[in-house]
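I've put the structures underneath this note.
Here come two complexes built around chain A, the first alongside chain B, the second alongside chain C.
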Partner chain A sequence: MSSTRALMQVLRARLGAADPLPPPAPAPEIPPPPHYVFPSPQMMGRYAEKASAHTTALVGIGHVGTRYATDVVLQFQAELAVAHQAVATVLPEDWAASQGLIGLQSRVTSHRQFLLRPDLGRRLSDESVKALRDKAQKGVDVQPILADGLSAVACMGSGMDLLRHFTAACEARGWKVGTPMCARYARVWLEDEIGQEVGARVAAILLGERPGLGTGDGLSAYIVHEPRIGKTDSDRNMMSNIHARGTPPAQAAQKLAMLVGAMLDQRTSGVGLDLSSLAAELGDAAARAPRAPQQRVRLVEVKR
Partner chain B sequence: MQLSATIRGTTWRFESVKEVLAKANPPKSGDDLAGVSARDAVERVAARAALSQLTMSELRENPVVPYEADELTRLVDDTLDDQAFRAIKNLSVGQMREWLLDTKTTGPVIRSISAGLTPEMAAGVCKLMSNLDLMVVGAKCQVVVRANNTLGLPGRMSSRLQPNHPTDDVQGILFSMREGLCYGCGDAVIGVNPATDTAESTAEILKALDEVTTRNRIPTQNCVLSHVTVQMKALDLGAPMGLMFQSMSGSETGNRAFGISVKLMDEAWDKMKRLGTTRGPNVMYFETGQGSALSSAAHHGADQVTLEARCYGFARRYKPFLVNTVVGFIGPEYLENGPQITRAALEDHFMGKLLGLPMGCDACFTYHASMSQDELECLKVLLGAAGCTYLMSLPVGDDIMLNYQSTSFHDIPSVRMLIGKRPAPEFDAWLSETGIMDGDVPGERFGDPEVIR
Partner chain C sequence: MSILEPIPPTVLSVRRIHAAHPSLLRSYGADPERHASLGLVTCDQDDPTYVALDEATKHAKVDVVFAKSFYAGSAHASGRLSGEILGVIAAADPDEIEEGLRALVRCLEHDACFYRADEKGTVAVFPHVIASLGHYLSREAGLPAGTSMAYLVAPPVEATIALDAALKAADVRAAKIFPPPSETNFASAWLAGDLVACEAAALAYAEAVVEVARRPREDR
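Now for the complex of A and B:
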């Protein structure tokens, strides 16, 4: 016998048996684990119920071992899927035309490039500059721009609704409103070049906001006075969370028109704009800090 | 100084040390955006070959932002430990990598040369290392710090509890805080990112956190992550501040965009040492992240890994209790996907530890980056195995204020049990006392937030 084989034999003898594991014990029927669920109005624990008056954070959700219950996992995955789907959706090239809007595009040519090159999303393609010169009305008070931003889902969802309400609110105040248009692969700062090109006193871009967990349908609006290439974030005022569960489009449009009015009166925007007299009507829109709390809704329902 | 290398008969020449450092980086979308990355995989290796021949002295003499132009470069060079520098100055970057990987080079040995390293040296070695190299050396480094409790001891992994709320509803913050504590989270800090950046609001949140930690006798420290000038005012209001926080960038101009300078941070540190409530000696908390300099056009043509290391060169002046890289927060234009975020997390942890900092990591993604939840969960285990001082923790990893995905309350005990680590010893004892943990396994009150009064 070789020395290796002899050594192996000694080790096996020391471990006790040829099969290193004993046979498994017979398994009794396993009762279903305690019912842990994602908190919903129909069913939630005491702690989750108390917390829900103050926060949308997922607390009081229990645990299995150190991990989540299956129901929590599914709910979480659904929320994640909604966010990822919103980011992945591309605004169809002909969507603007189908809504009767001038179709514009930034210098971005693909969805991946849109995510990786914010600088290109802030400038118009040469064809779009030409389209703007040919088709858009010049010398307007307000130029609204609908855009995809980081959620084409939101743009196609309540985008037209917000655009119509905002346009109506501006016209009701007697302002000259620019030709309706929609920009593809657009970042916020694209409003500077568009506004400059049409000679608008104020530009307002209404675009899909970066999705959060479970929310891919929110729009944000960024407004700037005297739009020019080279304006920065501190020159803008913004309002976020425009969707049915946040601020509905009709209501948001009134607040946005109020912001535009303040800009036209004070001839400035951003950090220099004094909104103290409008604070009560504007609510969240008066603060420059974004995001009111999101309301959480149960996404996954399984019939038993 | 040789700035060229030959691969299969083709010679690649580089103009500067800065170019060599940038092109030696593994692919990152942020380096592409800055226009400083290698053209292809072969040029990348050529840059690494050239880098491997440079000495530590040459890296010190060629900082990526010149001495005359940048206060961080001056700070690092003027305060470098001479004796430690002399010990390593003649090593090439390639030799430095080998020396660090040698099993005879233990944590205490690395600690003895740490103060002689400039950020460019740490970044240079980093670029020659694979992910597993970074983990092996990262796990060896010893950085132990103390505020109220002690972080960074062998066999320990801590967590920041991050109970953020979009409108700073104090009751809402406390509901998340109690939930996190009963999963064994919060031994590094209970730290809130405020929605409102005012001294009054900062003081109000700190007071509420302090009441809970005092009432329940929890050995940890509290922090509200407002701007450092706001926290200085909150200290004047008598706020019970356990740690003082600030975000940092890797160049003087980058820090100006954050509204800070060496002078301001010196004043803030001095004030915190006098008025803070923790015992110390480590009382500061800093956050960094690759890409922050480029996002304010303050990168000086340098790559984001080297600029990140320069944040650590700044941070170490203040002997911080916590430093973490918020690795996936900045978005896909800087770190595009799972492999890039994973690589950056391991790089930052390694460089920070090598430079003597108690490095933690916010392993996270935004929803427009190409990283899956599974990839993120794997990264937490990699960081734990690499000896990361602490991770974040939130309800289901979901930050309802900042809208990104990070580590969850449930992840912390899961990773600890997987890799055989325990919380900071003082906190560990408290967890056993409350019944949340029973030694290294969940106890009777695990996951029951009502255990916190």
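Now for the complex of A and C:
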């Protein structure tokens, strides 16, 4: 009911007009919100649904009026929470030791500083340089480095798995692989200083990648030939989405080893590296055919 | 018939243009970059329609791009559907227009209306209180959205005396005062304050209009 009408009723009584006002117009029935609009059973099997089966991107998610459906919003919020959680997680100081790795740390001293100062994450702390000189094997062909990067969750999750497979793949090719190590608060370019310090021909840093929606557990690998401080991104080759729903660690390790092989053969990396001959060798991993559909992991279920 | 009875407004037309031509959009104040659809309303009471247009902005992502009263009011309308005002809302898609029009018509049919200030129904007053401004009237009044505002309208002499009474009755400040004549030959004022102050001001305003209507000649 109108609040102004209520006010006028008070005023009428005060002015001596006691007879009741004519009744207000009946309020229209407000229809209940639609139960769920799209995709309706009739729409199932249409193009959008088929397309959405091939990607984890937000397509074919339907709508209720001009808004998203509740389960889509909840799913989005849950996936965003996974990403936030991954960024906020800190790699425990003793984790490297517990896995039998040399523990290193960049010049960063706190998690907040790590997020705000990428430059400090690219250089080793003085103690780490010393530890590296004391414990690490020098003059190796390949130096694998596990690191937290932007997702300690991914590093602790499948990091060791990838490191083991990668090391095995390199050793199977007869290369001398460096002492396994793990760097805390590390950015990609940290591999330059580490590789230079141990005199590696190729350095490979395997680190948690910037989390996206629902993927807080993805690893990336960045490989550089002749690591030296001052190398740039154009000198590196990389592989991303190393996780169960993307490229599984075992398969990724084979592909990475082939990249290393190409670098050792051609004595270069980055944009100068010619990968045209690798397509046949890589087989499945380099296939040009459409890759298998990625299934969206549902974090939220809503009854329809 | 007795005093302060509502005079229900008549909604004369409600129409939509789903995809309006850019030239039309521009000439009615819309932005073709952001707006595609229009909703049009005519009504025989202008001030309740301004309130209802503002109400629409609270219910849907719509902008009020055009709202103008017609000269001399609905008694002198240019046609059966002209009424006293044409209001136009614009949005990016027709669904928003739909939702906006629903809120607009609901407000006109159930909330905002003029009231009779005398027994014969020859004097009308609009002592309306908006608890929370939408982004249309807040922009027009230069107030933050969400402010309470008393939207007060009456014929010239009644409005002048009643505005003085309203300003003195409560802790309100005049956001805007429109002295007579408006296009429809009324006078109006927008007073801002907290909700209770706005209600007290509206009550004092309506009471003063009734009083002037009862005793227009103080010299007799």
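Quick note on the criterion: the second predicted complex is superposed on the first by the 225 of 304 C-alpha atoms of A that agree within 3 Å, B and C clash if a C-alpha of one lies under 4 Å from a C-alpha of the other, contacts with A are read in each partner's own complex, and residues count from 1 in each chain.
Note that contacts are C-beta pairs under 8 Å (C-beta built on N, C-alpha and C of every residue); 3 or more make two chains touch, one makes a residue touch a chain.
Computed from a predicted model, the values in this text were never measured in an experiment.
**Student:** Where does A:Ala221 make contact in the superposed view: on chain B (first), on chain C (second), on both, or on neither?
**Tutor:** In the superposed model, A:Ala221 contacts neither chain B nor chain C.
**Student:** Which partner does A:Met8 reach: the first (chain B), the second (chain C), both, or neither?
**Tutor:** second
**Student:** Would you sort A:Leu190 into first (chain B), second (chain C), both or neither based on which partner it touches?
**Tutor:** Neither partner.
**Student:** Quick check for you: in the superposed arrangement, does A:Val87 touch first (chain B), second (chain C), both or neither?
**Tutor:** Only chain B is touched by A:Val87; chain C is not.
**Student:** After lining up the shared chain so the two structures overlap, which partner does A:Val108 touch, if you call chain B first and chain C second: first, second, both or neither?
**Tutor:** Neither: A:Val108 stays clear of chain B and chain C.
**Student:** If I apply the document's touch criterion, which positions on chain A are contacted by chain B in one structure and by chain C in the other?
**Tutor:** 65-66
**Student:** Over in the complex, which chain A residues touch chain C? Could you list them?
**Tutor:** Checking each residue of chain A against chain C gives 1-5, 7-8, 10-12, 14-15, 17, 19, 21-22, 24-25, 27-28, 65-66.
**Student:** What residues on chain C touch chain A, complex-wise?
**Tutor:** For chain C paired with chain A, touching residues are 2-6, 8, 93, 95-96, 99, 106, 109-113, 115, 127-129, 131, 199, 202-203, 206-207, 210.
**Student:** Name, in rising order, each residue of chain B that touches chain A in their complex.
**Tutor:** 29, 32-33, 163, 165-167, 169, 171-173, 175-176, 179, 183, 195-196, 332-333, 336, 366-368, 373, 394-396, 398, 400-401, 403, 405, 410, 413-414, 417, 442, 446-447, 449-450
**Student:** Flag every residue of chain A that touches chain B in the complex, lowest number first.
**Tutor:** These residues of chain A touch chain B: 47, 50-51, 53-63, 65-68, 72, 76-77, 79-80, 83-84, 86-87, 115-119, 150, 210-213, 289, 291-294.
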